Each structure stands twice: as C-alpha cells, then as structure tokens.
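If you scroll down you'll find the structure; I have some questions about it.
By written order: A, B and C. Residues from 1 in each chain.
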C-alpha cells in the first residue's frame, strides 16, 4: 500500500507551541491539521518534511463564535463538518455552510478543517500524481520541473485553487489571522491568495493560520455557493461560484461580489460582474449580463476532469444559477 | 419445486433468501483477503515500472538498489525469461520486460526488502537506460501503414502494421439478405475503454518451503490458470506448486489472468527462502488493467418491411493495448453473441484487434459482448422509432425462440427474453412514456444475452471444466471441495446451497473449501459467468454420488428400497412412510460403516454439440444463455449536459434463482456498473500516460449518483443447469448501457454515438456539433 | 534518506482496550491497525482518501484511517469493525447487511458499517436521502448500493423497535 515517507511527528499543544516548533525547524517542518490533503500529497511524494507538526491538538482553535456587533470568528481547526452544521453559520453565512457541506465526503469533512481548506494546495492533473507518474511525464513547473504542462509558455504554475470555501470567504470579505515568530498578521482573504499555482498564498513557512473572521453582513444580504462536479461526492469543483449580494429597501443592489473557484490559482473575483450588479435591480437581464461578465473573465485551462471549453461554458451557467439563488432568499 | 429438485424432494434451500454463508465473515471483518495475510519473516516487494510507452531497454543497473540496507533481492527480465499469456496463442509477456517496454507502467524489475517503504525507495535506485521509440496510442495509429522503417509494437507478429488479430465470419447469404431488406440502417459507434476498479488492490503472498514446495496466495479469479502459468514461468513441476485463492475483494474480470506481481512474489520467495508479499497500489491496478477494450463499431442492419432482420453486418476494431491477454477471445466475442438475442437471416462479422502502447485490455464483465450490444441495441431503438414500433414489443417480436439454433449455429435452450422485456416495459409503463415525456426527460429500453460459461476451455483439453468432491463427516458435517474462486459473486454460497439441497441438510452444515489447488479439484475459474452452471453441476453431481451411498445404507437400515429415501431437513426418510427415518448424522454413520469413508465426486463437461464447425466456432458456444432487459429513465440538464439516471429497472432470466438475494445483488451491481460505463467511466490517456490512474479522477458512481435499482428476477427452467439455474453475474450489465443511451436519445431528441455520455458530449449533441460518428472509409481495407 | 524512522512507544485505545505498542511516527492508523494489531478487518482501496474503505471511528467520528497518523490517535478511542459485534451477537447493522446481502465481496463493507453505525447512533430514523448522504464517502463496486441503503434502513427500524421495548 501507499505509505507516508519518513518523518518525525510532534503534536502542538498550543498556537505558541506550534509557532515555536516551526521557528525551530524552519522549512523542514510542515504543519498539518486534518491531513486529508497534505498526507495524500505526501504519499504521492509531493512533500517530504522532516517534521510534521500536528495542529489538531490545539483546542483553542476549535471554536465558532458569532457576535452581532462584529460578525463570526471561526477557529482554523474547526472541522468542515462543524462549520457546515453550525447554526450561526447557517443563519448568517449560508453560502459558507453550503460550501463546507459540499467538500469531499462526510469523512473528509470530519477530518478536514476550515483552515486547511483555505490553505488547500492548488491542484492540477499534471501535479496530483505519484512520483513515478510525474517522472514518466518529465515533471512540471510546480514541482521538480521547469515547464508548465498546461500552458507551456507560462512562467508561472497554473494549478488551480480548488477550495470550496475560499471563494465564499472572499465573497464575504473575510479576514484571516496568521501567526508566526514575528507575531500576528491579519489580512483580507483576497490578499492571502496570489495567482501563482506554485506559491498560492502568502503564508510563510513559519506561520500558521489561526482564525477566520467574517464581517457582519448587511441586512438583506443574500449569498450562495454553486459547485459543478462530475459526481455528487468526493469531487473537487470543476467550477465554483460564490455570490454575495445586498439590496436596499427599494431592492436596489448595494453590494455584490461574484468570486470563482477552481478557475485560476487564486479565488477569482469577477469585478465586472459585481459592478454591473451594484446599483441595479437584480432581474433576469441583469443576471444574464453578470453571468456574461463571468464567462468573459474566467479562463479555465486544460488541467481538470473536463475540457477547458466545457468549464468555460459552464462558468456562465453556474454563475447564472448562483445569481438565481440570490434573487430569492436562500432559505 | 419437485420438478427441479432431486427426485422426490421439495426444495428447502434452493430459492430461499438465506444469508450467504460467507456473509458472516464479511460483516465482521473476519474474512481474510490476500493482503490480510502476514507470515513470519515476510518480505515486501515492489515493482519498478516503465516510464515510457514504447522504448528499447539498453541497460539496467540495480547495484545501488541491492546495496541499500534492508533490500534482500532484485530481479529483472532475464531472471524469469519464460514467456506466458493466458491464451496459448498469445504467449507474449514476461514477468519483467525483456529488451523492450510497451506501455507506461509495464514492470521492468522487482525488489524485495524488509519493509515496503524500503522496497519502494530501492526501486527508484534502479538505473534503466532506454532508446525511446515512437508510441502508438489509438486504433487509427495502430492501423496506419508503418512503412519499412518503423517498428511494430510486436516485431515478431506476422500481421501487418500493429494488427494483433483479425477475424472474418459469414453465416447465411449475407448479400442476398441485404438485397432482400427493405431498409438498411448503417451506423458507427465508439465504445470507450474502462476498467474494473474492484475495491481490493491485487495482492499476492508467496512462501517457499524447505521441501521445495511453493504456496502462492493470490487475489485471483482463476487459480487453475495461475497454477499452470506459475509452473511454466518458474520452471517447476505443477505438483510442487499450491495456489490458494482467498476471498477476492471484487473481480469483474480484472483478476482473471496471471500477472507480474504474482509470479514475482513466487520467484522471490523461492530465491530468498522467505515469504514475500506484493500488494499493488491503486495506480498499479490501473496499469495492470485487462479492462474493457475501446471498440469502434460499424453496424449495418437490413430490415424487411415487417421489421424482421434480413441481414446484419458487424465490424469491430478493438484497441487491445500492449499485449494479447484474452484479446483473441475478446475479438471473437465482439461478434459471437450478437445473434443470440434476435432472429436474423444472415450475419457477417469482421473483427480486428490492434496493439497500442497502453496497458493491456482484457475481459471485463460482459467480455467483448458489451460494446457491440450497446451499438446494436442503440440501432434497434432507432429502427423501432423509424418503423413506428414500440421498442419493447418490436424486440419481443424478433426475439429468438427457446430451443433453437442461431444463425451462427449456437444452441439456444431456455430463453426468458420476452418475459424480461414484458416485465420491464410493464413495470415502467414504457410504451406510454417513450417519446412523450416532458422535455429533458427520457426513457430507454434494451435487451441482451450472455453465456453461462464458455463451451470450450481456454487451452484445448478433453478434461472436465469443473470438478467437485463432497465429503460427509460422521458428525454430519458436509464439506464441498471445488476449485472455484469467490470474487464476491457468491460462488461459495452457491456450492453450499446446491449440496445442502441435494443432501437435505442445513446450509450452515456445509463447509466449502474452494480455490486451493492442493485440496480442490480443478474448476477453470470465475470468468465467463461459468461457475454456477458448471461448478454447480459438478457439485450437484458429487453430492448425488455420496447421496446414493447414504440412501443405500439407510434403505438397508430401514428395510426400504434406496430410491424411496428422501433427504430433507436433516433427516433421511421413507417417502411412503415418513415416520421411518434416520437423522442425517445416523444415516451418514450407517453409510460410512457400510461403505467406508464417505465422499462423492462429480464433474462437469459441457455438451459437445454446442457450436458449428468452422475456425473461430469455439468462442460463443455455451451450454445455456441468460437473457436480460432493462429500462432506464433519465433527466438531462440542457444547460450543463448532466444526465441524472432516475430509475433503472432490470429484469434478468437466470433460470432458477438459487438465492434470490444474491441474484438481485448481481442485477443491482450490474445496473450500477453499466451506468458508470454509460455515463462516466473511461480509460483516458494523454502524453502516453494514463491521465487519471486514481479513484478520485477515474469516476466510479457514488451512492449519490446511483438511483435505487429495481431488480426483477425472471425464472425459466434450464434443464441443464444445476437445479435449473443459469448465470446472473455478467449478463445483466449488457442492456443497461444501451438502455441509458436510448433514454438520453429520447430525452434530448438526438443520438450520441459514443460512450461515456459525458456532459460535454450531451452539449455537443444538443448543439448539433457531434453528429453521427464517421470512421474514415479505408479503415476496413487497411485493417488486414 | 532515512527510510524507516525509529519507532515510538505509545498507547492506543482500540475497541475499548488499551494497547501499548511501538510504531513509527509516519505510520498511519490504517497501517498500525492492520499490521501491528492485526485488525485486518479495516481495508484499504487507495490509501489516498478516495474510496472510504479504511473508515474507522475515532473520537466518535468516522475518519479515514489511511490519512490519520497513529501518533495523532494516541489516547483517543478507536473503533473498528472488529468491535461492532458484542457478546457474540452481531450489531443490528451487521445483521441487516448479512440478511439482505448488502455485502458481496465484502471489501468495502467494514467502512460502510462504521459509517452506518455512526449515522444510526445519531439518527435512528434516517430518510433514504440521509442514509445516502451519510454513506457518500464510500465506494462500492459490487452492490449498486441498493441493498446497502435497504440494510441501513432495516437496521434503523430494528434499533428503534428495540429501543421502544
């Protein structure tokens, strides 16, 4: 059977302990929370840390608190299942509950954490393969090679951010906290990611993600997440669309964000769609226009389980459906 | 049930929905599969596999691997040079590649070490140098004229270019048939390759004793064939080799032929004197493959004004992958069973299998008959629509009749196809729905037939196909010894049921010792849906043999004629006076006292008159055929192209259902597997590599993608089957794929001529950009 | 490269019993259950979290033992298929699987059983949809899932009936 490469393991007792361990071991250490992504990747030979730092044991990062003044604070180690089932999440951030409930399988949601899902390694079907397979291919830019197999002239890796919750977090304008030896930094989810598949977020190797804060949503805020996949379980999204939209008393749209998942190396906010929606009264025509903007802006590549032409075409369809969701309250 | 039962008894086990005898171990985790075996001092093995699709090996240096601490031995091609293959006509593989590799994933060397990680790492230290050759990755490329310079995948092949096998058969006057036809339907189809993806990854454990005897446990559906090949490749007498097939974690045809890791385990056990285990990773299972062949199909059917089939011409091109495997049989199977369902005036078949630089294709559930069945039932649907006929009634009207011969000389016995067609039509109200459902919804119907075991063995020999021994203990326990391998289909239970029925004992008083070449008589294996029919007949015969002796002893004890003795409910009694009886235990003791050790033997050889007399007539004949019919209902999302299967109703004529739960389980599993092949599963390649060799990207349907399946058992009386039984393991899969394809055509108003029916293909069809599939015309001429 | 790191001594709580044993820090719970404790009822079909065959109950929750470090399971209760039957009698879910033929090859069965028991412990009256959702992380190639769903439903009914007694 496939086995993990050799490493030492140390469970962290606290955030401080984890940070101290990371500081002591530098790039040779890898923090792991649920393990559903990283251990699988390690079995494929994609990472070989000398030390694995177990984050699961940090109890302080496993709470979800809603505060009507400030919004929702989610400890990074909350399981995706806990997030999906949390009543406050379901009530105030239904798109997050929906996205978390669509990740993988029940077992993966029991193990996988919200922090882990936000730090999900970018994916590509030239990359998520065994060491032998990648050797047969001749490797790629993301790991061991100097050529992007998806876009041969690209200077950067085109692996996609296939997290279900990341586009939702960005659509809610969430912020995250990173803790490292130099202390804490707090940044918007949109600034956390960068569109480089090989370096998909700005978290330094000695930092851990500890908390996600979702700001209080305007009254009348509606939100949704739509996921296209070939099977109704296990699968990562071929296309994900998160939408948040707020309207005033007259029904005019005051805020709108449309964020795509699984299309580029970072969650991809389609600004043109948002600006079209803002100030408008969402109806069929406006929705079609916004979906058209999504279609124009989104440029999937040939690196998932459906052709890029299909995924491109689906951007419009899935965006349209997401916009239909927010035309009416989700529940 | 007296008509089918042993003379004079009522069936008490046959037909009862009892728990399967191996179910207890399977729901408690107690069943020991091959990878669960651990022996003292056991070593772990790993295969080094080719990173190139086609290359000459110029050198192999494994010194570094051998020097790694923990590594015990390394082997390469020259250590095991004997060629083997499942068919005598295709002895084209070696355990480790010699001189040339022909697909990415082909084994080149093996390493055994104290632990698996060490073996895995050591394999990476083996330095192999290659001269890379151009690869051939499709049927078209394989048929392309190579010219003088280019190398064939198998240079020793006498066929042109990369053709492996071509077959040409004609039955009846095909030209006259087409001349007589009022309309000729002419279509081309493509059935994509796919794989078994049994959940258990193949595993083998070998142990070599100081007595020079080798024991090999392997997750194999065919322990007897592994026995033969192991003897040949290891150059050892078969009498010193013992093959044991533990419970198999799913087969579906994927474990029906000897493959490298099993023979490597045996070799290393002999070489090191220590037990050796090789368990494949999931990715390696994809490379081991032997799965469904991709097949291009050209089908011309001439229809008379009354709808009957005047003539049918079928051409198939099979993408065989890099080696022969069962491919010659597969090629014949793409043609052989088409005439078993419907009457036709004349039939012509041309099949051509090519080599490509991909993992070898072989048999998967429905072996070679699945692809043309998809095409034929798709075309029949179009014909029915054109003629304005109900698809079910039309099929029933042209169905073969029981106890007839087909146009290709196959003997048909019992046939419940009309009953199956009626059952699925009625259950779903097909006639009032087809063509009339709301937009996006569709209903489709199809039928099919399958073998109950091949009429001829894989290697020519006059011996039985199946043998059994039934031993009766003086404590009343009964043991059946039979060389079958249980891959989950329930063969252990089937043997127990048949023997319990024959001897009138509780099924749990019967133990089954199967799949052990030291202990059990030969059964050819779990393939071609042969086990219930053939091993079942052998077991029944063995049980009857011992029963006669017990009856004679009881008759003498009770002073009644032996033929008046009835075996039922653990007792043997006088039919005329049931009060006069002995318990089965006392009866067994009386018989042992009178005759000595109690054991009966039985064997089964198919009748000799099943087929015609022509080259190739050996593939297709079977002592009986099962029949199936399916209706599928689907909903298609016109925007995304997604197809949701809402309902599958699948009726199957299995003769007599020995255990209805097991038959239903086979029908339900077939429906599911067929649905996966129809909609999502495909062996996909890119850059010479299997693109998706894992269970996340190779899409097998999940529980959320699968509807509740409605299984209908159609019982016919198969006079030659054990207690009237026929097969249920493979046949029900075949109508599912065309039923779904027909339902999609009904839903979207246009037909898709290829599998799998992915969302992209649905959208292309809706856009009108796919159109009928067209092979380039000269392909047939170039094929040979 | 150190291929086989030195082992650690630790105590695992498996099926209600504490066992102290040595294993490597990179050993998965799957490997330790199967290879050290010889609890081979827990199966593996991919070792990458793509099939569900290795599911066990850890801390009362179904998890994939192939992606769980044994070292991360120390002092947390682990339940495997071997612990389902008690006092020699099958768990109602096992009995229903047996009676309806929901186990064919039996290889995915232990994983399904664990997920199903967990479901029924939290919801004895699941709808078909809830059953399917709870079992969505398990691939089966034999049954078409139909008898598995029926068996879980039957077991739920029996558990309710016996709880009512």
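Convention: a contact is a pair of C-beta atoms (placed from the backbone, for glycine too) under 8 Å apart; a residue touches a chain by one contact, two chains touch by 3 or more.
All figures in this text were calculated on a predicted structure; none of them were measured in a lab.
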Identifier of the chain whose CA centre is least distant from the whole-structure CA centre: B
More contacts between chains, A-B or B-C: B-C
Separation of chain B from chain C, taking each centre as the mean of its C-alpha atoms, in whole Å: 30
Separation of chain A from chain B, taking each centre as the mean of its C-alpha atoms, in whole Å: 43
Interface hub residues of chain B, defined as touching at least two other chains: 35, 117, 201, 281-282, 694, 696, 702-704
Residues within chain C bordering two or more other chains: 1, 3-4, 44, 46-48, 50, 133, 136, 138
Multi-chain contact residues (two or more partners), chain A: 1-3, 5-6, 232-234
Touching residues on chain C, where the partner in the complex is chain B: 1, 3-4, 34-35, 38-48, 50-51, 53, 80-82, 84-85, 90, 94-95, 97-101, 103-110, 113, 128, 132-133, 135-136, 138-149
Sites on chain A touched by chain B in the complex: 1-3, 5-6, 125, 129-133, 135-137, 149, 228, 230-236, 305-307, 309-310, 313-314, 317-318
Of all residues in chain A, those that touch chain C in their complex: 1-9, 11, 35-36, 39-40, 43-44, 52, 54, 56-57, 104-108, 110-111, 232-234
Chain B residues touching chain C - in the complex, by the definition given at the top: 17, 19-20, 22-33, 35-36, 38, 70, 115, 117-118, 121, 196-201, 247-252, 281-282, 487-490, 659, 661-662, 664-665, 668-673, 694-696, 700, 702-704, 706, 708-709, 711
Chain C - residues contacting chain A, complex: 1-5, 24-28, 30-31, 44, 46-50, 52, 55, 61-64, 66-69, 71-72, 115, 133-134, 136-138
